[in-house]
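One chain, chain A, links the two complexes that follow: it is found with chain B in the first and with chain C in the second.
Up next is the complex of A and B:
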């Protein structure tokens, strides 16, 4: 008995690096952010005081903050839904035993490629493509599709479309690979059995594939949600870093960064944005877990 | 087991989400890497005192090397951080109040005032006697002042001017003489009227200016009230006048709609601007300050393939309104352990007659710098022509620029003399720390208004929302 207890202590030693790292780089910033969000602290002044919920009152009275929240949700949903549809389609084709597509590896690599590019390079690329004197205008005007050049960078709908497209384009390859990994892990014998029972392709997808890749689906959904709520680099770099034109691509994180980066460095006010986004994301993430939880809990327990 | 997986997943999600809140602190983690000087100085030998200098431009390295010549027992550790996307400001903000803060910091016009207004810069008012001796242009040291305390000085003065194409001026106005052109463009009503002439006589193929953003600075520089009066956001009539003028320029097609610092803006400088259909377009004038001549206009006056050049076809006048644009100030951080040395460094760079003369007349050549420190990069030399902040120095050296490369570029006009004439009328008393952010916030709503997608009232509302977002303590009506 005594020996066993001693062995247990090694466990603490092994998890210590994570716990220490988490406390310093995970928990401390969060606690600090929460504390900061109740202060009027700025980087340019050494004195500050607690101001209660004033920061949050300001936030919700401020239409910019509401715009940022709606924008973030819209931009994320508009790229996530098509991303899942395309990724599912590709993953099913690539893993389908009957189609036996050639060159899957090559395609997979090509689709994953945009993800390896730096966001700044991608943003700069699209910015110059669509600028007023840029190649897209040149091609469209010279080929007669447009009577005169359009200032794309100043058109809210076009810039939103671009952000959505770039996010989709950069991330669908990653999602495809995750889904493929999940799908190939399913034992072929299940499909064989289903075939023998006379199941159709859609039925097999609905009854075998979907339930078995659910953990991966949850993972994709939640990581994408977290990433989407923190969407920053592309919309920040694509226009003026302030969500222009007309705040159309202003996201939560840009909003937070603007407060931090204003001439006084309002870190108190910026933290309050961070805290609201944190709470919002946590609630939604937990909701996803709750909705997609294992419905047949009883048999699962029995299994164990 | 499932439950454990669920718990771990939640934990994982939480830790991912937590990342979201870490953002404001993130720059701090990058800061240590930046404190290592990218261009290592000569290894400190013996008991050299180390002075840490941070800058966003490699210009000051030249002076730092020269400083080491006159102060042999000092090792200036120079750290250059670019400010392309605000990295410099971010890193500086992140080190405030920590042990990593440098001794001397370079501050750019856009953010110098917020540091001067803050608690972080030391009072270096005892240098003012040197500034008086050298007759520094008042706006140069006024920018570095808050509540009567001197906290930063600049080596440059950056008065603005108007550059125009001589050949086009002859074509549309019958003369390219700067005196005559200044009479024609002496105020903004005249400038707008001239824009109409340019448009008519060129058949719409020459634009008066590349973008209406080019002349925003002029109006802002000539306000009578600052943006913030007693904690309240205030709009000076000059701002309204700017918006009116910008709208006139947009609606009548007087501007090329080429945003500053972008392809089309530069293309206009070397006559290779083409609209989307491929028709060549020209730009008549550019509003640029002192540094705009050697660093922007001159290098861009020849197209990349060398086929088109506008060298020698430019002239400079004071333009419709006096203004200043940009500039680099030097301040001393309060926490410095080498206060006297840091002050001496600022004095040497900004208020030393010999250094300023050397700086402006091209004495700091590669050979000169390499003799002091062989490790300086080959392109570190400072070419002649930067406009310095001291009237005493300017008066002594102006004549030496009569035959300079820049004077040839301007068809024989001595640009140094032109700037010397413009500098005394510049006023920077209204400059505040929040200016840059407040003015930036106006860009997007103003552009929407110019495009006609929103009304003037909607523009003001959008702007006020944006300002409120960045300045929670400001009273906005």
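Up next is the complex of A and C:
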């Protein structure tokens, strides 16, 4: 017994690099961002001072900031909902015993592929596909759908639609794989028992499938939210890097980057954007996780 | 009754398959057009869409080089960063997870909970504080600032812990101790070899993430010769390339094709790997 306790001290040695790395590259930058957000510091000048909440007051008075937050939420929701719908359909079909679809592995492999594509390359690709002389205009004009080419890049609704489409395109495969894994982990005997009790397909889905895949649903929701709130590459590279046309695809991170990259490099103001979005996202994500999780997870935790 | 049940199934099968085919077309067309257009001349591209490759790959490449886009250099830079990041993320992810799985020290539950919370926190938003801190340390415009943070990759530890939980054999560790192996020796010589498949899966994900990472490099790297592929991709939108569509597509294809190859070689690991992280906890 004594010997075991001596071994256990080695645990600290094993986790030490992680903790040190986290303090240097994870925690301190967060603290530093918090401190910077209370200053008027810029990259160009060496003098700076604490200005209290001024950065935050400026932010909330600035309609651009509010637009960025609204945009980010909208762009995320508009891709998340269809993503869940399609992923649910696919996962149900792929695991359905009556349909017995062939080549599930191959379909799934294809649908996941866009997720690995470099987001910046994908955005640049769609930028050139939808450019004025690009192939989309060519096809539409030649086939007579359009009398003349449209400047898609200047149409807010189309650019927003494209951002949403690209996000959806990149993520529905991953969500399908996660849902499938969760669904196949459910014991078939549960469905057999329900069938004996005369339950219908929809009832079984609601009473058995949904509650049992809840942990995975929460995981998908939280990770997608956290990723969505930091959305940058695609909206940044799809148009001019300022969320054009008319701020329609201006996201939080683009907004932060613009403050950082402004002529003065106002890192104080940029930090305040980062901090507000960081807090908003973390609070929402952790609330979702703990509120939805707790009841379900209790027995499992007690076991450990 | 039986036959109508069967025809019902057949009809729904046909509908489902048609839906799947449409979805496959949507999924593959953009990528396919990208690759095909990389082999077509700008004139061909402007004349219309084709799904068949042409023969201008080399001339597009020459145009890219003549415009000053050092694709080989960017490629090498990206490979360097991605490989080093992968090695560090996998090794330290395993090391940390092993510490949590194999030892019962005070605070390990708290540490693990903290790691789960870290997975759910948008760390990228502290990039300004990170940038300013790195410039104080003299690490901006250096790959160290891109590579070293993966020592503390919460996602890797999370995955590694799920994996180690499923393969952990306490007897092997005890046997190692009886043989007089050090604790670190047990980790290196007994645990890591058993954990190879899991490390491989982790490695693919770490590699792809590092390869595709645009934002951090974009903020931290400033000298042109240190640009990574995603940063070069971003410069392709500039005026220099205005009407060189073939060359632009080639630049994009060069950054995407390596990942496609990796995917087709290892898709089994990847697909299984995605499910592993989420389903167990």
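Note that the second predicted complex is superposed on the first by the 283 of 304 C-alpha atoms of A that agree within 3 Å, B and C clash if a C-alpha of one lies under 4 Å from a C-alpha of the other, contacts with A are read in each partner's own complex, and residues count from 1 in each chain.
In this text, a residue touches a chain if its C-beta (ideal position, glycine included) is under 8 Å from a C-beta of that chain, and two chains touch if they have at least 3 such contacts.
The structure presented is a predicted model; accordingly, all values stated were derived computationally and were not measured.
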Clash or fit: chain B and chain C on chain A?
clash
Could you look at A:126 and tell me whether it touches chain B, chain C, both or neither (first, second, both, neither)?
second
For A:110, decide between first (touching chain B), second (touching chain C), both and neither.
second
Which partner does A:10 reach: the first (chain B), the second (chain C), both, or neither?
second
In the overlaid three-chain picture, which partner chain does A:181 touch, first (chain B) or second (chain C), both, or neither?
second
Can A:267 be said to touch chain B (first), chain C (second), both, or neither?
both
A:84 contacts which: chain B (first), chain C (second), both, neither?
neither
Quick one: is A:25 in contact with chain B, with chain C, with both, or with neither? Answer first, second, both or neither.
both
Which partner chains sit in contact with A:255 here, chain B, chain C, both or neither? Use first/second/both/neither.
first
Just to be sure I read the superposition right, which of the two partners does A:98 touch: chain B = first, chain C = second, or both, or neither?
second
Residue range of chain C overlapping chain B upon superposition on chain A, of 112-120, 166-174 or 202-210
112-120
Go through chain A and flag every residue that touches chain B in one model and chain C in the other.
22, 25-26, 29-30, 32-33, 36, 128, 133, 138, 142, 215, 219, 222-223, 226, 229-230, 237, 253, 256-257, 260, 267, 270-271, 274-275, 277-278, 281-282, 285-286, 289
Which of the residues in chain B end up touching chain A in this complex?
1-2, 5-6, 9-10, 13-25, 85-86, 89-90, 93, 96-97, 111, 113-115, 117-120, 257-259, 262-264, 267, 273-278, 433-437, 440-441, 443-445, 447-448, 451, 453-454, 462, 465-466, 468-473
Sort out for me which residues of chain C touch chain A in the complex.
9, 12-13, 16-17, 19-20, 23-24, 26-28, 30-31, 33-34, 45-46, 48-49, 92, 95-96, 98-100, 102-105, 108, 111, 117-133, 148-149, 151-152, 157, 177, 183-184, 187, 208, 211-212, 214-215, 219, 229-230, 233-234, 236-237, 245, 248-249, 252, 255-256, 259-260, 262-263, 267, 270-271, 274-275, 278-279, 281
In their shared complex, at which residues does chain A touch chain B?
22, 25-27, 29-30, 32-33, 36, 40, 43-47, 55, 58, 62-65, 128, 131-134, 137-138, 140-142, 146, 148-149, 151, 154, 215, 218-219, 222-223, 226, 229-230, 237, 240-242, 244-247, 253, 255-267, 269-271, 274-275, 277-278, 281-282, 285-286, 289, 293-294, 300-301, 304
Hey, which residues of chain A end up touching chain C in the complex?
7-15, 17-22, 25-26, 28-36, 41, 86, 89-90, 93, 98-99, 101, 105, 107-114, 116-122, 124-129, 133, 135, 138-139, 142, 169, 173-174, 177-178, 180-182, 185, 215-216, 219-220, 222-223, 226, 229-230, 232-233, 237, 252-253, 256-257, 260, 267, 270-271, 274-275, 277-278, 281-282, 285-286, 289
